[in-house]
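Both of the next two complexes hold chain A, though its partner changes from chain B to chain C.
Moving on to the complex of A and B:
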């Protein structure tokens, strides 16, 4: 026996029925076209970079978008050996990872303090952090170089581990402060009543709730630190023992306009892999942060 | 319960810890170049691995170490950044002992500012002066002395792809500017891009001075390059007009003002341009098919101009700058320089490195390169008049490139207008 009650007919929403025949309006189609063009502008350079890494020098110029794979993996192995990219990769990872840790260790407590303080001094400090955005990176090169020399840290990677977090503080602190302000103060109050100290509150309440923000800061700074060229070249120098990937790769540019771009693309492909890896690990957190921002307006 | 743990975070933490640990382990092997003793020479080099010069130099450095026991620690840097790198290290008194680089407007300040050492007395004492061609010594000589040990040279003609020219019905290398314009017209009719030039980078600066010298003799050219005064020189304005005429007649490939030096070379090497002004540094890099189709000759004669033969440049490029730190271990430097100017080493640079050397022919003997274009390049000299190379005269910090790019992209602009832009560069 079929004891299922007959379902009442659900009328389609009026608006939907009316709009049905006109779903693909010219405006919508135009929007899709624009999105497609935008996506292509993002994907095409990556496609070109990828396929050029597997081509001969001439194919890279002669047939830039044809996936000829004429060199197989030769360019990758050759550039790895030529530039000793293994050591360069270790140096880049060392500087980037250590700088990132120092950045977060400083920025997280600073942001927590600023987010929970409401006095004039806190406001003043927040504005001082914000003023850091006003200093163009290039303008600070000479003073930074002089500082490295005075500290006896010229030609060392460790100076960069001090400098890069300092340069990243304005963005990191200001962004994290905004994230921490979204944490309900009641949570902190109840934890305090239960006997939690400041550090415990930061560790057990703020850190988990602001992980999307921390992931965002981590990705942005990882990319920035990883790709730094000018400061690393001038301060750390081109010695093969200490140079980073970004300092090693430009030596592929011939000194008189005779660069093998296929080899450059192979080196670049190797250099972007860690960035993709980090993004793959942290992207869900970062997307959450962006969605949070959208919802909270 | 709030937990601070998840797989991605653990992975990130693991990677971070591993990277820091790896770096810390290698930290001890960090920069020790500044603390080297007399048994180590440090060299900042624009000869980079992967290029003919860099590969050959690395081999020679190993030979030198095997022969003398002195280690050579070579640091390579991109040519565009090597001057900044050296100057920064000099500020810290941690500069490398020797620098391999050109004497260009980027480096002409080094000797006057005391950033490098006058090598005149060392050249005399070590017998280098007798080996170097007088023109090279003159080029490297400044008011304060000799800026460095001249080593490699170059010539800089026009490359003509005769296969492409013949496809367009042009059977001979253009002899005059009118021939060149006629050839470009035929090439365009045959859908073949005519002459490529690195309009966005340094080639345009040299090409401007090339055109100016079509109507200006060396003495006046030296004055103009040093102090400006383009508009006051009828010959210079005529030369700039010639550049405008080539532009408006379609001699250059489309959008030539956007081409970098690399793109210029790549376009010619891939058969996408029939002509190119480029130097001997590219001879060894040309693909075999392009090398065999290429004729090297001067820029065609300008009727009523300053020269009766086609024109080209020749010069003396890379040399060894000696730093104050290098002078502190002069005994090791002496061994190195003597090794580099030893006859077998010099001959090796020609036969294996395919370079043109700034030394006298009797030292090189009959040794030749196996590269066909290097051989063709050596045959250019009797057929051309060599122009004054501007690099040693244009003041440090003066760059024609942006103005030149703009001029190449501005059809109809005359030499009389362009000369004002160039003169402004000297009003600092």
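Moving on to the complex of A and C:
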């Protein structure tokens, strides 16, 4: 993206002049307009979502684009109590954080092993992970539920903490393995000569040197764990005690549909806020993580 | 699969290699927890799908028994499957080309670094951050009877065109397709931008000397270079659309009105949970799986690098 090192071979002014004649052709202006229209379709619903969360149900219909702020934080507190979002938030955090820890604890040693061994078993393992990219998560929804029942973990959050890290392994291990391969082996050798064991080598050499990779997979998995809907819905279920934010939110819809969009907007706003907050802090990092993750996945 | 294609051949630090191999034999143990975990919770259920697909199993609580290929026979006489197949095809044939071609052009556009490209990038990222359920609720509200679209139509005096978009048989499928495009276009565009930024400016410069305009540079220069990547992203988008539509349909239309948005992926969910017929659900899952593989092979052939 933008933060690549500039190419010294092409001095910027020359490049700009060369682009000159092409710059504002009608075709380009037309494309610009189209891109802006698409951007507007992305921004407008979010703007509407945001302002509707703070207005009365009536205002939301009558003055859709005016930020009237007519009901203050009413909708937010109402939807918070109605859906028991406090518990939902805690459940989401619990599942996300615990799954993230498990993911890292099993993926880091695996990546270390794959990066440093070349045997047939290592190749076989890499193949198994690669298969994971062929399997869209949704395909095995029903059998995974059967497994949860078999293990007596149906309707528990803990099964998600077992399942989510498993689903994250291929991407996490393959991305991390690439990071670990860049660590010079000489470092490891000299540490071994000084008497360091394998765990010590992993902790004191590989962990610090591959922090960017670990950050990348943490961000990626934070988003995908926090946002998971179908699996959590089916396995953890809609019981208010254990359900997550993502499962709680659509229950607003009920059976006969909903008319109070102000309330829906308030609930949706609460559910997207955590990810957007993290994005506000880590935006460059998060963008790079998502791009890298998609490139490999 | 992309991992296999993309994994760069990283030169392993040379000298210690032979010694390393013998010494590191025990190291592979470190990978076992991850592999075992992964096999139990991901590969295992997938294999189970192939077994359940040949079972007569009414509901999760009901007893199950094998019925051979009976489920498969049922498939062929089932109107609902035919409708779902048609809906899946429409959903795919409309959204996939628009997303892929649009995203490629968007990626090229973002790389021109025209004024405002930074803020545009941030905006394009939004769909990648929102969860399925938030996106679903957003569109339930946006497309609802008194939602954003209808209020907006009212504002500009086109109120008589307002309708309950998701409940209107004529509009439910187009709405679903639009939501698919809305959520897929921006992020795929960013991915293309990342790939295209690796193309050397000199190559474009040479094309410009020959009088190429943006359109020609995009399709005659950038596209052939990024062709294999185009194929990879097409495969991913294909799989997401094919398998992933169930979640969005559950939130927006539940297959309705009538059967107008019932895709194969939705049927897997529907027979799995809403009107349980678990064995049959997995038989449809099997069909989906086969369609997935066939699609991947075709896409792979079409976009194989030709240089």
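Everything that follows uses one rule, which is that the second predicted complex is superposed on the first by the 214 of 297 C-alpha atoms of A that agree within 3 Å, B and C clash if a C-alpha of one lies under 4 Å from a C-alpha of the other, contacts with A are read in each partner's own complex, and residues count from 1 in each chain.
Just so we're on the same page, a contact is a pair of C-beta atoms (placed from the backbone, for glycine too) under 8 Å apart; a residue touches a chain by one contact, two chains touch by 3 or more.
Only a predicted model underlies this, so the values are computations on that prediction, with no experimental measurement involved.
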item	value
Which superposed partner A:160 touches (first chain B, second chain C, both, neither)	neither
Chain B versus chain C as contact partner of A:266, first or second or both or neither	neither
First, second, both or neither for A:121, with chain B first and chain C second	second
Contacts of A:85 with chain B and chain C, given as first, second, both or neither	neither
Chain B versus chain C as contact partner of A:252, first or second or both or neither	both
Partner chain in contact with A:64 - chain B first, chain C second, else both or neither	second
Touched partner set for A:53, first chain B, second chain C, both or neither	neither
Contacts of A:94 with chain B and chain C, given as first, second, both or neither	first
Touching partner for A:176 - first (chain B), second (chain C), both, neither	neither
Residue contacts with chain A in the superposition, chain B compared against chain C	C
Overlapping contact positions on chain A, where the chain C interface meets the chain B interface	61-62, 145-146, 149, 234, 250, 252-253, 257-259, 261
Touching residues (chain side chain A, partner chain C) in the complex	1-2, 4, 7, 9-10, 15, 18-19, 22, 25, 27-28, 31-32, 35, 38-39, 41-46, 48-49, 52, 60-62, 64-65, 106-107, 109-110, 112-114, 116-119, 121-122, 125, 128-147, 149, 162-163, 165-167, 169-170, 173-174, 178, 181-182, 184-186, 189, 198, 202, 223, 226-230, 234, 246-247, 249-250, 252-253, 257-259, 261, 264-265, 267-268, 271-272, 275-276, 279, 283, 287, 290-291, 294-297
List of chain A residues in touch with chain B within their complex	58, 61-62, 82-83, 87, 90-91, 93-98, 100-101, 145-146, 148-149, 154-158, 203-205, 207-209, 211, 218, 233-235, 237-242, 250-261, 263, 277-278, 281-282, 284-285
Chain B residues touching chain A - in the complex, by the definition given at the top	2-4, 8-9, 11-12, 15-16, 19-20, 22-24, 26-27, 29-34, 44, 46-51, 53, 73, 75-81, 84-85, 88-89, 91-92, 94, 198, 201, 203, 260-262, 264-267, 269-272, 278-279, 281-282, 285, 287
Residue numbers on chain C that touch chain A, as the complex places them	1-4, 6-8, 10, 12-13, 16-17, 20-21, 24-25, 27-31, 33-35, 37-46, 48-49, 52, 60, 105-106, 109, 112, 114, 118, 120-134, 136-142, 144-148, 151-152, 155, 182, 185-187, 190-191, 193-194, 197, 200-202, 205, 208, 213-215, 236, 239-240, 242-244, 246-247, 250-251, 265, 268-269, 272-273, 278, 281-282, 285, 288-289, 292, 296
